[in-house]
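Read through the structures below before going on.
Common to both upcoming complexes is chain A, partnered first by chain B, then by chain C.
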Partner chain A sequence: MQRPYAFSEITNFQFVVLITGAQIGIGILTLPADVAEVADTSGWISVIIGWALTAVASIVIVKVMSYYPDSTIIDVFPKLFGKYIGGLFIIGWLLYALFAAGLVFYTSIFLIQIWILPHMPLYGLSILFSFPGYLVARHSVRVLGRYAEVVFFLTLWMFVFSFFLFENIYPSYLLPIIKDGWIPILQATHTVVLSFIGFEITFMLYPYLQDKTFAIKGVLIANSLTLGFYLFILFLCFIFFSPYEITSYKWPTLNLLKVIELPFIERLEILFLSFYLLTLSTTGIPYFYIAAVSLAKLFGKQEHKIPTIVLFSFMVIISFFYSPAEKQLEQLITFWGNSAIGISYIFPVVLLVVVYIIHKVRKRK
Partner chain B sequence: MKKLTVLFILSFLFLNGCGGQLYLEKTTIALMLGIGTGEEERYRVLQTSPVFKEEAEKKTRTFTVEASTLREARKKLDSKTDGNVVFGKMQVVLVTRDLLKNTDIYEQLDTLYRDPKNTVTAYMVCYNGDLSDLVNYNPPDIPRLATHIKRLVSTTRENESTVATTLEIFRRLYLDKVLTPFMAEIQFKDGDLKTMGIALLNKDGRYVLSLNKHESSLILILRDDINYPVPLTLSIESSGEQKPGNISLDVIDLNRKVKTSHQDGSFSFDIQVKMDVNITESHLPFNTYKDKEKTEKLIQQKMEEKLTGVLNKLRENELTPLGFGLQARAQHYKEFKKVEDRWQEVFKEADINIDVEVEVQNNGTLSY
Partner chain C sequence: MKFFGKERRINRNLYQKLQESFKDVSDFCIREITTDHNQFLLGYITGLVDSKDVSELIIKPILESKKQLSIEDMYSLTYVSNVRITRDFETISTSLRRGKSVLFKEHGDECLILGTPGWKERDIQEPQAESTIRGSHQGFIENIKTNIGMFRRYVPDPKLKMIDFHLGERSQTKASLVFIEDIADEDLVKEMMKRLKRIEIDSIINTGEIQDFIDDKTFTLFPQFLITERPDTTAAAVYQGRIALFLDHSPGVLVGPYSFASFLQSVDDYSIRWLPASFIRFLRYVSFFTSIFLPSIYIATISYHYELLPLDLTISIGESRERVPVPPLLEALFMEVVIEILREAGLRLPSPISQTVGIVGGIVIGQAAVEAGIVSNIMVIVVALTAISSFILPSQDMSNGIRLFRFPIMILAAFYGLIGVVAGLMIVIAHLVSLETLGTPYLNPLAPTRLKDWKDFVLRLPMGSMKTRPTQTRANDKRRQPSKGGK
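Coming up: the complex of A and B.
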């Protein structure tokens, strides 16, 4: 049987870092404050619950895709629902990915504007972000995988700086472990799962994975890696900032870095954010890729180079006319978040049921 | 096509952001801010900044303005200096004691925390005196005033005789319900700037009392916030046949344990301080080497007395810089939650017991 995606296969490690890269985005900067707002310092339990939910959803996605080992989700839609309804699904998927890409894109610009370049106009940064983004996103999954791999190793060192913080920490802030009962912890899970979103790109990656038996293991490793990063940052923020203080910051992780003072460098968060852009790019670029590929599919094209150009130009053109205020961006993220939870956690389960029934029926025939 | 791309990329150089350069010579870097009570406006703000011009004789320039907020002061300072005032390299934020007595200074520092370009690692220092004395203070053997004050505080901190509260720590202390803020205190003595000890603020952010260097060491011991060794000098009074005398120690290891218990809305704390000491000086009228136990007992009694003394001083004034409340919160969360908003009162009423255990590790090279 011919394997259409064999030309661009990715290794197991690339599979893992692609998913982790897509998951770790803005969340790591805001998560400690968002979680503490609802569940105080017990919030780390919510993160573990969120991880468990994500692990289940990821396995469901792999199970769905294992029925179609040589197709991405956008090939599956027409197979399942026919050309027209399938086309609608592709459009939905396209809009979702585009929205995600746009939000990551704008939030990154916004962060840079607030923390580093307050006088730089929005369009300037958006042009500067588009070029490197385009250069990666126009390629195949293999290139995305390699890029994620490089970024993963390039950004690992950032954790070293946390050692400078250990002078001024109060581990007793974490006690008692469960502060106000289980209800706030469960409520905070809603915020937490949003930071785990990104694993749904498995829908697109699966056919490219060289060793399909690794898929379940791979998604679990990727989710656990993300969990590890989140817990590390969460604990650090919780024992450094007092419970009364942490909710007063928007990006506690960056405020954490502001405290570090080295004799030869000040405002470490600038250095950190500049490198963090790489991490943010591994969140945004896969979504741009997905949107571009879906667009190409809609027009029956194999190449997605032109759609990529179109999408990035679209982002740049918007940035000339519309610069979202902080509050608007937040509302958009909330709106997107709810649809993302639907698409990443509920949709796979529904799809699995549908696929299962269809296969049963076809077998009987 | 390639040429076009290159031209296109080159056009980025003319993007707006690149035009906003900031030359070092054209900025006025505020190394120190002094905040005091103003005569016409609410605050009087003093700023010292280094001069980078070769022709200039003086290395530091000082500006004073009066304004109703800190951000406004910065704007006014901007118009007084020949460059943009930059707060990002600030070393010290000095607040006069008079101002601290009647103003909640935390609220006034808002702009320093809000604007990400500002630093939060500057030291907060309480200054007992008049801001104008600082303007005229320019001894030739002292580098820049801001760096001088920062070093003054940090060396005294190394001797465990004061605290080095940064803006960040100040915020943490202020916002935590079980803690009250504190900072180093300096003042002029015999024409020189000197670190005096710790200035303590109450929960409303207002100055209450100052502790001298000895008391400051005791506070740091009770906070378990020390770097070894901690030098201490105790004077042992005469009692019965015992003649008076002084003894100096280096605390080389210290273990503080706080046990909390709770009964009917009131808390009690059992504080155990275990310390290993080296004797560095003895004027006691007996052989400290042979009478090791007697020495230890004397030190222990004296330490208990002193620690309880300073603790009572804090409690009378409803000050909680020690953070025993952290333990109470960790161990008795439900009960604590009920009283968290009036923790200072609860702490005042609490039953506190201090136990000191001393072990002399080393007597020095002398055998008496």
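Coming up: the complex of A and C.
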């Protein structure tokens, strides 16, 4: 009973790839265009600023959790606020995770419908993806970590193809470095920060981490990996497309691949997007897991197998009745984005203050 | 009367007891040896004892003896090496049924058990399913003692331990758990013992049956324990900290924990130079993926994504499919099933006939089916490639498992195209990461990533670099070679 989560400890590397996996997802497909719209080709500076903010927020999360090294955030809520108010917090956390999971799930399907299978009904795809999702999410964090590791190594090869793009690039597109002053760059940070979301799963991962001294280093490495990947894609897009062209695409990252043509294979973006689903799955699955565990916690259960089934069935059932149009999906993402910023960047700071005060008061007693 | 009967039963002597207990057992035999000085009775089961040993080592000395002998005298005089004296009827009866002979006097209840087992055995041969080019050419046979002996020649380690026990309530099959004490992890040995003790069944015939009882997860296509007939493979595994289970009258030895990566290794990898060995390893990983995914990728491409292919190739595929009336999925399923049938047919037939099956099946059916327009040329190529890829895997269990994975993924590919294939890949990964072998992760060293163990994973680096034992086995003694600069 001393260490309730010791049975499913994760290694340092699993900790890092879980966070990176959760961060890299749908965001990067649209990020170059979104950023360029506001900050032009200086947008990469916003990405670095976004990274700095994320790093600070991640460290704050680790600091909060280090007060409770053997509890996840859903164990902390009742400890801090008592059974009922704590329960409300858990419900809030559950809704947030479920919303995130659902958005990743539906956006992935939406992308597939647009780029690969235009005639496939929504429910067909949602049934298809529920199986692998359920198979991973019903297990403990350790299995999630292993899954993230395998996906990490299986998707590395995709970088190789970017070398085919280096034939016609114009690094001068990046100049001048700061185009319209600092204001647009700071404004673009709002969009950028959304792509970094995913690190808040540290709230759930922390008690499972084997070596707690690695936590801060771990979140920093994870965020930096994500930053490296984002900058790579961003620079590639900026120097490949002209500054005017890039804003005309919705998914510039995929358009980038559309250009590559090999003697034996064409339409590389179909292959890439199919494979990118692996990466998308490491974004969605942790949220499904969090939602399922929170649901199990609300009902006082240890096992989260049945909640996982319930959640995935819920997703499938919704897909039969409701298929969001592109506009609606965008609105939902904006709405979720604002709450995500609140939960991932502001909430940890508030929580840290609360926890700090509580511990001070208790010590005095 | 009743009282009388009971009395008599208590006083029954050994002879009567044996007669009663082995009533209607025709291969049980009691021989009276009577000379001027001595009168002995000798019991044994014909077919389980070496009759030459019995006559030379037991009967002859008694017949030639010039003085009266007691059981104790026989104990010290006999030429048989494995002897003991007992009064316990249960022991006597069990020993008899295990190929020992018993010597006793008509009225005594003391008994001498003599180890004279002898039955016909197969010679030591090279295991057919696991032949090597450079490795040793010995294979285990159906006798646990010979097997352990063969194994022991590789492992003269003073810390080698063997735990003996019996499996199967009726068959009482002898089994032996073998490991090196200061390498193997204590908890793993305990876990293995715990699982073996859980087995409750009347009889165990083959090592394969144990597998189902002790697997971490039975609902899976992947093997979690290695069953090998090679002493060198077993020895290498035990040196790495794994545990081996020998079973009497079964040439297969069960070794665990055995990870996914180890199933794609073979002893030959270590007896050839490391560069070609690495290349072969790499080929195996490629064939692992092709044998699961190639048919489904083909189905997905020609039914949904022909725009992926360059125009020339699309046209040539189109021409070859022109006369085929069925959708690609049915075409592929048909050919796959045909190949599976051919394979199974060839497997159990004597080799001259199985060659004919191969020719008739492969060439005649393949060629004729294409000409008749049932399947396309390219489909035949795809299916043949897939089948050959699955043969390259060193483990039979592994290739059996992944053959079955093909079919559901082919169906997914027919419904969803490449997306279905990727979903299939996700399911395979999800399944693999949740698997464990003896409580250790199945995908080690990929997940959890142990870069140190990648020296013997997809590549096989030079032996000099293998300084540590694999983390899979949680070996107590992690070091295999002294690192640079002293101990």
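We adopt the following convention: the second predicted complex is superposed on the first by the 364 of 365 C-alpha atoms of A that agree within 3 Å, B and C clash if a C-alpha of one lies under 4 Å from a C-alpha of the other, contacts with A are read in each partner's own complex, and residues count from 1 in each chain.
As a convention for this text, contacts are C-beta pairs under 8 Å (C-beta built on N, C-alpha and C of every residue); 3 or more make two chains touch, one makes a residue touch a chain.
Because the structure is predicted, anything quoted here is derived from the model rather than measured.
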Quiz item: Which of the two partners, first being chain B and second being chain C, lies in contact with A:143: first, second, both, or neither?
Solution: second
Quiz item: Given the touch rule stated above, what does A:128 touch, chain B (first), chain C (second), both, or neither?
Solution: both
Exercise. Would you sort A:172 into first (chain B), second (chain C), both or neither based on which partner it touches?
Key: first
Quiz item: So, A:248: does it touch chain B (first), chain C (second), both, or neither?
Solution: first
Exercise. Mind working out whether A:117 is in touch with chain B, chain C, both or neither, as first, second, both or neither?
Key: both
Practice problem: Mind working out whether A:14 is in touch with chain B, chain C, both or neither, as first, second, both or neither? | Solution: second
Exercise. Name the contact category of A:278: first (chain B only), second (chain C only), both, or neither.
Key: second
Self-check item: Contacts of A:264 with chain B and chain C, given as first, second, both or neither
Solution: second
Quiz prompt | chain A residues contacted in one complex by chain B, in the other by chain C | solution = 117, 120, 124-125, 128, 131, 266-267
Quiz item: In their shared complex, at which residues does chain A touch chain B?
Solution: 114-115, 117-121, 124-125, 127-128, 131, 168, 170, 172-173, 175-176, 179, 241-242, 244-245, 248, 254-255, 258-259, 261, 266-267, 269
Self-check item: Interface residues, chain A side, partner chain C - complex
Solution: 10-11, 13-14, 112, 116-117, 120, 124-125, 128-129, 131-132, 135-136, 139, 143, 145-147, 149-151, 153-154, 263-267, 270-271, 274-275, 277-278, 281
Quiz item: Taking the complex as given, what residues does chain C use to touch chain A?
Solution: 304-305, 307-310, 313, 412, 415-423, 425-427, 429-434, 441, 443, 446-449
Quiz item: Which part of chain B faces chain A closely enough to touch in the complex?
Solution: 9, 12, 15-17, 20, 88-89, 116-117, 119-121, 166, 168-169, 171-172, 175-177, 179, 323, 326-327, 329-331, 333
